[in-house]
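Consider the two complexes below, in which subunit A is the common component and subunit B and subunit C are the respective partners.
Up next, the complex of A and B:
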């Protein structure tokens, strides 16, 4: 069964919608994004995610004339049957109030046409803010966004999913992967079953962590943490680093199969798993046998392939 | 699924009266587990690789090779095939009784045969 999901990508012009789409789904690296020109009207992209799930991305140009069009004449066409709206704000924008008003209108249009859509906001270009002020700025922007979300949602009665989730992001570090992983997490069915199985798998391997990555994008789909770790951003860092490495492998004409990192305190394995995923296993033992892990990974593969095909 | 700790427990059971090391590795020489005194000259994964290459060399000469025993200067190593794809080896002091060493090797391999067959069977 193939399931199609319509994902709207909106926001002011120049806020970075096309850049982030290109990095996550089209194997761009961050510095290539300077080559991208402004998007005219709507660019459609079909992205295969997790094998049989197709994300239909509508990358909507952000210039005001387009925005007016979307909200007036093309309102039905754009906002019908939407599963997810991703609204991108430029954190450095001088007219943040105006952005918010556009956001409010978009949200209103969305709620009328697809009442069950989920909404995510990205406060983008966080790298332009000084490091110690990032949290503060983000909190302020988030509060504004939430306030306007409520404004748009209240006339239509009680709705919990309109009150969106905000993420800070930047194409220059791992926050982009964090935001998109969180969004994708809501789109994948069977996530709970997968996490259950991952935890069981981790127990057998005596691992501290088992993480499942989507193969093409390297976004985190599911993870099981069997003992706590102090760095909350580690998954996204790994996503970011391994994806870059995978792209370099592709340039050499070879395909990434597996990686093993070992020191005296831990061993980490990254291995191709099912058709659509990579798995990463962290074992707190520098001497654990690699063939044993590989064998267990192969054995677990069938179980996870069965869960995936059930989707 | 194969649990490292459980495997180590089982392999460790033969390490008594003269036997001081046991390995489980696949035919490619990749070590799954070693239990016993750490050898000074050769690391356990290296000896596993050497034993695997000895096994493949002998197998080429003799068809249907079941078991082989290497008598070295200061020790004896006996190894045999488990579940068609794996090799099990035990190392004993040169004074250890060879019949006892073989008996241990065979009872361990019979014990491991079924479980390992069931997990490696799925892979082919």
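Up next, the complex of A and C:
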């Protein structure tokens, strides 16, 4: 049983849609993205996510002539049966007002044709803003986006899903993983069951944290936090760290199997888990026995494989 | 444990603790080059963990910057001369500076015009040589990432020839100059710096021998002794270095330290302690190990996995190796005091 989900990727030309798609789903590294050319009309990409779920990405070229077509003649074709719209804004855009108006038109078209779609907005290329001004700039842009979202939604009555979520992102750091993890989180069924099981599993191991990653993209799909941690951004940081290492392994023609890192205060195990996932277990003890953890991971594997096939 | 290390620290020639350090024994590395050739970016990327894309925001250096790197195994002092200033100006005390200098790095932007920088390079090298003939001369042909493979080799070759000829004409000495192709966007800058530093580490042959013995007895295929802060390798065994293995080892250090700074930071903010270690298994039946040697050093090695659990065996061999390392630095130090 495979389920196909239509994901629209839209935004002004040059805002970075194809770059981020290539990094997340096609193992590009950030530096290689400068070689990508502009997208003509729509590029379709089917990516297998979590094994039996297929994301059908519609990467929509952002040049104005294409945008006009999408909104006029191809309106039905583009905006029907959409599960997710990801709209990308270039934070440094000189015509932000214009971008917002296009966004409003797209959102209107979407709400008419796929009333239940989820909307995510990414304020992209944040790395171009000086570090201490990033939060402020993001807040300003976010407020603008939300204002226009409401403008699009109001004439259609109560449409709560149109009030979208905004994320700041940059292909040069972990913010990209945070944004995309949040997006796929909405697409994965059974997240709650998985998190329950993860918490139980973590308790058995006396772990502080158990995180489940999708195998190909290393996006976080579920996590169980058993004792509080002060860094709210750690999930995407770990995604980024391991993904980079995975790419280094690929360059050598090899593949990552497992990682074990310790010091006096903790041990972290990252291991291949089910067919479609990696798991990370953090134990607050630098001397915990590795074979014990490995054996438990092996046993838990069956349970999680069963949950996955149920999907 | 920590205090033990400190005691060892002040015994070391390239010692560890700043407060006991003899200021004169610091190896001084001098960075020179025309303006916008990338001197500050190199320093920031190698020693201050700046990510390469952030160097876009680095501003042009206006005055001489002296930077002492203490948190690293190598007590580096880098002096950076801004491109528009002549380091041999009398007011800058060139004799004092260059007499202490052990390695002189000249950075040439491979993507820019070459004639002027080459002329400056030759002039500076000759003048520095007159002050101190023991300096190791190194040239970084920098920003090589923007060139094709052919252009890189050609550029390096051109520079090599011109420099060799002109220096011969000027001071009639065949100066030993080492050339490196570098870029901050890949590991080549770390590789080049490693070579420069190894040139300065006097215990190098002994360390190499130690690593060889360790490899043979533990069935290890390749091992590096890393300075954890800068990812420079102080020594490696006598097998040739494969660039991609070295890169993977660098990346392993990143993974270890990055995960440790998320989950294993102590009260003092340290993420690297005497129990720091990592094991990474690859599907190609290779296993990589990282073990803490002392506050600044780590041994990273890679071996074939044959299914047998050999952790105890490796632990023992590593213990012996660690003792060996401590002795190497102690003996050397005693020698110095005579």
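Everything below uses one rule, namely that the second predicted complex is superposed on the first by the 311 of 311 C-alpha atoms of A that agree within 3 Å, B and C clash if a C-alpha of one lies under 4 Å from a C-alpha of the other, contacts with A are read in each partner's own complex, and residues count from 1 in each chain.
To be clear about the criterion, a residue touches a chain if its C-beta (ideal position, glycine included) is under 8 Å from a C-beta of that chain, and two chains touch if they have at least 3 such contacts.
All values derive from a computational prediction rather than experimental measurement.
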Between subunit B (first) and subunit C (second), which does A:30 come into contact with in this model arrangement: first, second, both, or neither?
-> second
Would you check which partner chain A:179 touches, where first means subunit B only, second means subunit C only, and both and neither mean what they say?
-> neither
Thinking of the overlay built on chain A, is A:249 touched by subunit B (first), by subunit C (second), by both, or by neither?
-> second
Scan A:289 for contacts with subunit B and subunit C and give back first, second, both or neither.
-> first
See if subunit A has more residues touched by subunit B or by subunit C, and give me that chain.
-> C
In the superposed arrangement, does A:262 touch subunit B (first), subunit C (second), both or neither?
-> second
Check whether A:300 is in contact with subunit B, with subunit C, with both or with neither, and answer first, second, both or neither.
-> first
Using the superposition on chain A described above, determine whether A:238 touches subunit B (first), subunit C (second), both, or neither.
-> second
Now for A:204: first (subunit B), second (subunit C), both, or neither, which partner does it touch?
-> first
Subunit A residues where the subunit B and subunit C footprints coincide 290-291
Of subunit A, residues touching subunit B in the complex = 201, 204-206, 288-292, 295-296, 298-300, 302
Subunit C residues within the subunit A interface of the complex = 51, 53-54, 57, 185, 244-245, 247-248, 251-252, 254-256, 258-260, 262-266, 271-284, 286, 309
Enumerate the contact residues on subunit A facing subunit C in the complex.
-> 30-31, 127, 130, 172-173, 208-209, 229, 231, 234, 237-238, 241-242, 244-245, 248-249, 251-266, 268, 282, 286-287, 290-291
What residues of subunit B sit close enough to touch subunit A in their complex?
-> 1-5, 7, 25-26, 30-33, 119-120, 122-123
